[in-house]
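Chains: A, B, C, D, E and F, in written order; residue numbering restarts at 1 for each.
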Amino acid sequence: MALMSILVPPDAATLERLVRIALEEDAPWGDLTSDTLLAADTKLSANLVAREDGILGGIDLFTTAMRMADPTTHIAVTVEDGQFFTSGTVLASVTGSARAVLKAERVGLNFVQHLSGIATLTAQYVAAAAGTSARIVDTRKTTPGLRVLERYAVRCGGGRNHRFSLSDAVLVKDNHLAAVLAAGAANVTDALKELRQRVPHTTHIEVEVDRLDQIDSVLAAGVDTIMLDNFSLGDLRRGVEQIAGRALVEASGGVRLERIAQIAATGVDIISVGALTHSVRSLDLGLDFTSTPPVPAS
Amino acid sequence: MALMSILVPPDAATLERLVRIALEEDAPWGDLTSDTLLAADTKLSANLVAREDGILGGIDLFTTAMRMADPTTHIAVTVEDGQFFTSGTVLASVTGSARAVLKAERVGLNFVQHLSGIATLTAQYVAAAAGTSARIVDTRKTTPGLRVLERYAVRCGGGRNHRFSLSDAVLVKDNHLAAVLAAGAANVTDALKELRQRVPHTTHIEVEVDRLDQIDSVLAAGVDTIMLDNFSLGDLRRGVEQIAGRALVEASGGVRLERIAQIAATGVDIISVGALTHSVRSLDLGLDFTSTPPVPAS
Amino acid sequence: MALMSILVPPDAATLERLVRIALEEDAPWGDLTSDTLLAADTKLSANLVAREDGILGGIDLFTTAMRMADPTTHIAVTVEDGQFFTSGTVLASVTGSARAVLKAERVGLNFVQHLSGIATLTAQYVAAAAGTSARIVDTRKTTPGLRVLERYAVRCGGGRNHRFSLSDAVLVKDNHLAAVLAAGAANVTDALKELRQRVPHTTHIEVEVDRLDQIDSVLAAGVDTIMLDNFSLGDLRRGVEQIAGRALVEASGGVRLERIAQIAATGVDIISVGALTHSVRSLDLGLDFTSTPPVPAS
Amino acid sequence: MALMSILVPPDAATLERLVRIALEEDAPWGDLTSDTLLAADTKLSANLVAREDGILGGIDLFTTAMRMADPTTHIAVTVEDGQFFTSGTVLASVTGSARAVLKAERVGLNFVQHLSGIATLTAQYVAAAAGTSARIVDTRKTTPGLRVLERYAVRCGGGRNHRFSLSDAVLVKDNHLAAVLAAGAANVTDALKELRQRVPHTTHIEVEVDRLDQIDSVLAAGVDTIMLDNFSLGDLRRGVEQIAGRALVEASGGVRLERIAQIAATGVDIISVGALTHSVRSLDLGLDFTSTPPVPAS
Amino acid sequence: MALMSILVPPDAATLERLVRIALEEDAPWGDLTSDTLLAADTKLSANLVAREDGILGGIDLFTTAMRMADPTTHIAVTVEDGQFFTSGTVLASVTGSARAVLKAERVGLNFVQHLSGIATLTAQYVAAAAGTSARIVDTRKTTPGLRVLERYAVRCGGGRNHRFSLSDAVLVKDNHLAAVLAAGAANVTDALKELRQRVPHTTHIEVEVDRLDQIDSVLAAGVDTIMLDNFSLGDLRRGVEQIAGRALVEASGGVRLERIAQIAATGVDIISVGALTHSVRSLDLGLDFTSTPPVPAS
Amino acid sequence: MALMSILVPPDAATLERLVRIALEEDAPWGDLTSDTLLAADTKLSANLVAREDGILGGIDLFTTAMRMADPTTHIAVTVEDGQFFTSGTVLASVTGSARAVLKAERVGLNFVQHLSGIATLTAQYVAAAAGTSARIVDTRKTTPGLRVLERYAVRCGGGRNHRFSLSDAVLVKDNHLAAVLAAGAANVTDALKELRQRVPHTTHIEVEVDRLDQIDSVLAAGVDTIMLDNFSLGDLRRGVEQIAGRALVEASGGVRLERIAQIAATGVDIISVGALTHSVRSLDLGLDFTSTPPVPAS
């Protein structure tokens, strides 16, 4: 069962919905330049070329943009999502109506460059944790409206996902516990036990702690994951020992690439990294036209 | 007529549409944690606090998220979009239902951190061009679906906008010209004159050139802006001299922050910077809760 | 922490979206009868009255329908969702524009009757399992488009929810395992261990088994819940003993109301009941007009 | 002109819209189980099998769900909507991508089970009225958002439809008349004549009466249908005699299956039955997989 | 019961939906002129003034546009839909944010001018038929997407509506009958009787005939309305006599304003006029600003 | 470079979106007549025939309507958008399912008749300006929601377009200038120079003047177009002389067809005509059925 098989992209309906929004945004009433200058039957060919090394993410969005601009566009994809490539590699080739290719170019590039940026960045974090059992996961710090894509890009880079949203898993933070106790709960343990009774049995319960002395009362409630938030390396190690496999351990907060190896070495199970999605540099990819004649000096 | 008055944010309907998408994405069927743990009448107060220096962008999205989660939430905004602030500054204060504030927290932060990141980055480019007449402008390399917000964030940082989309201005690139000539046009000048006859009289025509010797034939057609793409500093200067005010001059391609001052000094009118929107680090802002008791050691 | 506090209805935006669809369906271009016969300023008052005993579910949809037809309609709700009432009880009172109340009447009733039907039916199953630790849960056999409402109605009746969808928890069925083994997996245990590595750490893993001899290999993989599908009462008891607390145990398949007590007595943790939502009789509620004069004999 | 020809299902755009909502509801971000466990090229075959006798309704929704999950899925339908089948009958066969079939399975079943439940129930009412000229019709007591489907299912069961909505026919109820008289109308007859002048000439006018003595003034206005609401069998007969063909006669209110034959025998033209759509038991249909190997004992 | 009471405009949700589309069309990313030139707190007042005589239609769309641009805009409506006014009359007054009023101006005017154009034109046809019992009705020749508004405008002008759509009444045309007979129906009468059995009992059945000799077979089937299509005045009279009140009679085809009186005098019940909505001149209404100072000579 | 090549219709997604709205409006729950009377396999053929001379506009909407009703419909288009035709010309031929063709007929006709009406009217204005350099352009006085189509129809008639919306070009009117001066701007020239600094460099700036003495201060700011609003022919000539090529000159206001030649002869560059889109008579086109047998006399 190869790793690649988990790289199931969002379904076609989702991709089409998002690409349509982008195409309408970028050409609400046509491409004034190409529609005016180019005849309807002008064809062109172009290559999607890497201008730097990276990991591919979101190639289906590029092809969807091309096909939505013109369903007859021919596209050959030569590198798959999740694969590493070097600068200069041709990632895909396109042949079709010049108007359609030029209309979809920027939208297609915006998607695949953004997602490949996430995949490439994620791969660096994953590499830094290599040799440990720690998994690098994303957070909810994603670009509004694009979460399903960005989570996929994290997987393209070898990372894993945290919960999708507020609706599909419980993450109890310090403010929740403070409010519960202020509201009269006897103690954290009982409140968490009560919580377990209320949510679906399929709900994973994770609880954030800020100090080692909070761990025992949380563990006593039988939670699934304990998040050690902003812990020193020493405290992370001590937390892992204290929890001793009775719950998964997640390290969170201020996780920079240069600290990943050390954090992973503490024995934590999960390292969540907001930067995977909230601070993304688009990977430098470009569309090189191959079939039209060179521009004369006029 | 103060600069600030051009900072008209996208209208309320647009903000609500985008925030609704984000809220539904982040809580498709409720906030499992807060809805289960917190009573409906639990209140809390919190401050939106800067954890680093920056320029504010998109505060209305934060307040819209809070109000859409609960229209009765009280919000006081203390810093305005476009203003500089230092780390530690309270940007806004919120008081309302704990469930609503916690539900909207991440969505509100994701928007305002992303847009403030753009505003802050833009301000660095604008500062680098200070003392020249060059304006820093954005490109179409924006996050799909968020262009109207990101263009606004560029203005918050003191930048200006380029055309919105393929529909509202002409930008003739090398491939267009090559295709036109291949299709039998006599020369570039005539093709561009013909173009002018076809588009609305309100359409700005910009033409990209790659070499100095292409400028004259473009100028002869009476275009509005000439884009000098990937020109050396020397060639930029020579291009400005050659054009001599008969069209606006835009420098484009490989524009890094450290080169801005030199590019601006060549006399170009416009410097377009893809990095303003395609490689954005979210500014570090956080929501600090002020009214709930500290978490006891349990 | 009272039970009632978990009855958080879907948020207002969701309710409004669903009610709007229903109002447009029921009056695509106005209420021909009322708009033609009644003057715009005609007022009326009416009571929402129970015509049989039951548990209330979805009263907010009734009030949303009334308010969307006319925001100035006055509504007083006198029974809360999740409460038991007897035939004849006034559940809510409405006063407002006759046109608006009559336009929203059927839509409001359709929602609250359907959801109260679910709540009332669920309560019977819950009562049958009383005194055991078994929780009654719903399934994905819901009315297309109304799942979020119907799950809420199940909670109104004292039930609990299973996973929301295919996206938020894993449920491995026999066909999945057959396909995995056919595809070359060494054995079920290893396949399930591999699965755990791939999904988010917050993902609950439930596996369906058809025979007692399948339990050990599933348990060996460390899953969260084992579903005993279509087991006899004896085999359910034996399954519970064999699993011995190492996973939650769900009984599923052919669960009829008259067997609930016996199934619950076997020690299973969860009993999933498709009938809660796939075979619902609307509860008999009606709108009795109180303020208009009786119809004369003409 | 065979009966079957009136079974025109809602158009493809409508079916796709409703199925898309259901598919997105049931897998908002993918099928975690199948996408993770099954390779993209795994195929399977399955039969849609009846587990009880019934009348088929909505098979196009099942096939639409399968095709929307994967347009290459091959589906052979062997029983048509409106046909009777016995338990064990194969209704349709499916071969395609395992991921797609499993993703669409529940949605497809939820639709076809619900609509076949309505068709089967309707057929019982229709059979009970056999030998009379009474037609069994539905009401507006439908599931919000699914009316167009449920009305079609009623036709599949041999029933007929009442008006679609408040917009396409007039139905004057007691409250309308009371309000009109309270507002100063001279009498019911004149008010109804005035109504006729105001609505489109294509508008059918039906008036509800509660007592025999109200019939004459309604008839005098020249209405199209008179609804006898909650009449005894004796009064229904007397009403039919009194109206004497000058308007259609509809029996309504408290119509249970066991009374249909008697009501139909009174000579009424129409019997409207809310239960056809407001209290529906899903018909027991299942998807039996035929091409994957049996689960080994591991 | 005054005529005016049938002028119920489409509901607020419908108006808002259509106005939103128009506002987004007319300012997809803001009003570049006003947003740049005018301070946010600039106020203005303006009058909606008639520049020619006419009948008002759709004033609620004008006010909705103003309120959607800014909910705090103050609007006083001084003429009601359906009322006649002379050139120079102030129809409504507006005071509010200059940016908002200027942004909504064109959209608001486009709606109210178009609908008042329809109302005014309709009133001419209605006046031409005065003194007869013929009602002037619209057709399905409406502007795509605006039918509900244009039908309302016809009512504002004193006209009545025909069926709304293909879904709410039957209109059998010559091609239908030809196809039915070609398909083997014994004769028109039986085919129409069969049709009556299949459609809801609330469905009005209208049949188009092209010659007098077709009337008897249609009448024999008991239809509701007979449309005499493109009949001479003499044949219209003969048709009315032949039908003799056994069905409504509609004159259709080539109905020009100057022939209305003659057609109406033939005794037909209904005259349908496509021109009411397919060939509309916007009424000349304008927004005169009253509160800003006159433009100086600079 | 032939004129015809600028006739790029709105893209397929836009056409489909608008046609879908119209089809749903015209048959919200099916075509009651055709679905009931015609068998599913009945075929028919028909010609789209001109009943008067004109210019074709929007034929793609007619074909889109036919294809959306049934993708297998065969359509042969014999005249292209922008071409002149005489009465009696067959514009297109259709063969397909009778139900589908009849369902799409009215929607397809409504679009192509409306847009051909605009194209034909525009051509008259364009012809009147022949031999001058004046271009006939549209305005924002379009039918709400259909602007992109109507602008295209104007191009079909040989006209050109003005700005699309408030978002893509600046048009400063008298009220803007008055408000700016009232707000304290020193003079019009400086205010317009400031405006230029604020808007994107691609923004065309047009300014409306009401008197000749306003021109100099506007010209001094370096604007792109000056609109002479409601000028006499003499003043138009004087304005053109005064501006002397330093800006484009647009004549606007009260432009009737019979005055076009004189206005064009004054030397203005642009004549904007609201009537092109706000007062449109649908061109008389019809669908003649060719393959079904004649209606017998019954």
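Assume contacts are C-beta pairs under 8 Å (C-beta built on N, C-alpha and C of every residue); 3 or more make two chains touch, one makes a residue touch a chain.
As the structure is a computational prediction, the values presented were derived from the model and not from experiment.
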item: Neighbouring chains shared between chain E and chain F, ordered by label; value: B, D
item: Chains in simultaneous contact with chain B and chain E; value: C, F
item: Furthest chain, CA centroid comparison against chain B; value: D
item: Maximum centroid distance from chain C, chain identifier (CA atoms); value: F
item: Chain A and chain B: spacing of chain centres that average the CA atoms, whole Å; value: 22
item: Geometric centre distance via CA averages, chain F-chain C, whole Å; value: 52
item: Whole-Å gap separating chain A and chain C, where each centre is the average of the chain's CA atoms; value: 33
item: Set of chain B residues in contact with two or more other chains; value: 6, 27-30, 36, 39, 148, 164, 167-169, 191, 198, 203
item: Category of the chain touch graph - line, ring, star, complete, other; value: other
item: Touching pairs among all chains present in the structure; value: A-B, A-C, A-D, A-F, B-C, B-E, B-F, C-D, C-E, D-E, D-F, E-F
item: Chain B residues touching chain F - in the complex, by the definition given at the top; value: 1, 6, 135, 137, 160-164, 167-169, 185, 191, 194, 198, 200-204, 206, 224-225, 248, 250, 269-270
item: Touching residues (chain side chain B, partner chain C) in the complex; value: 20, 23-24, 27, 29-30, 35-36, 39-40, 68, 99
item: Residues on chain B engaged by chain A in the complex (per definition of touch); value: 18-19, 21-22, 25-34, 36-39, 42, 44, 98, 102-103, 106-107, 109-111, 113-114, 117, 140-148, 165-183, 187-189, 191, 195, 198-199, 203, 210-211, 213-214, 216-218, 278-282, 289, 292-298
item: Contact footprint of chain B on chain C as seen in their complex; value: 5-6, 8, 10-11, 13, 148, 151, 164
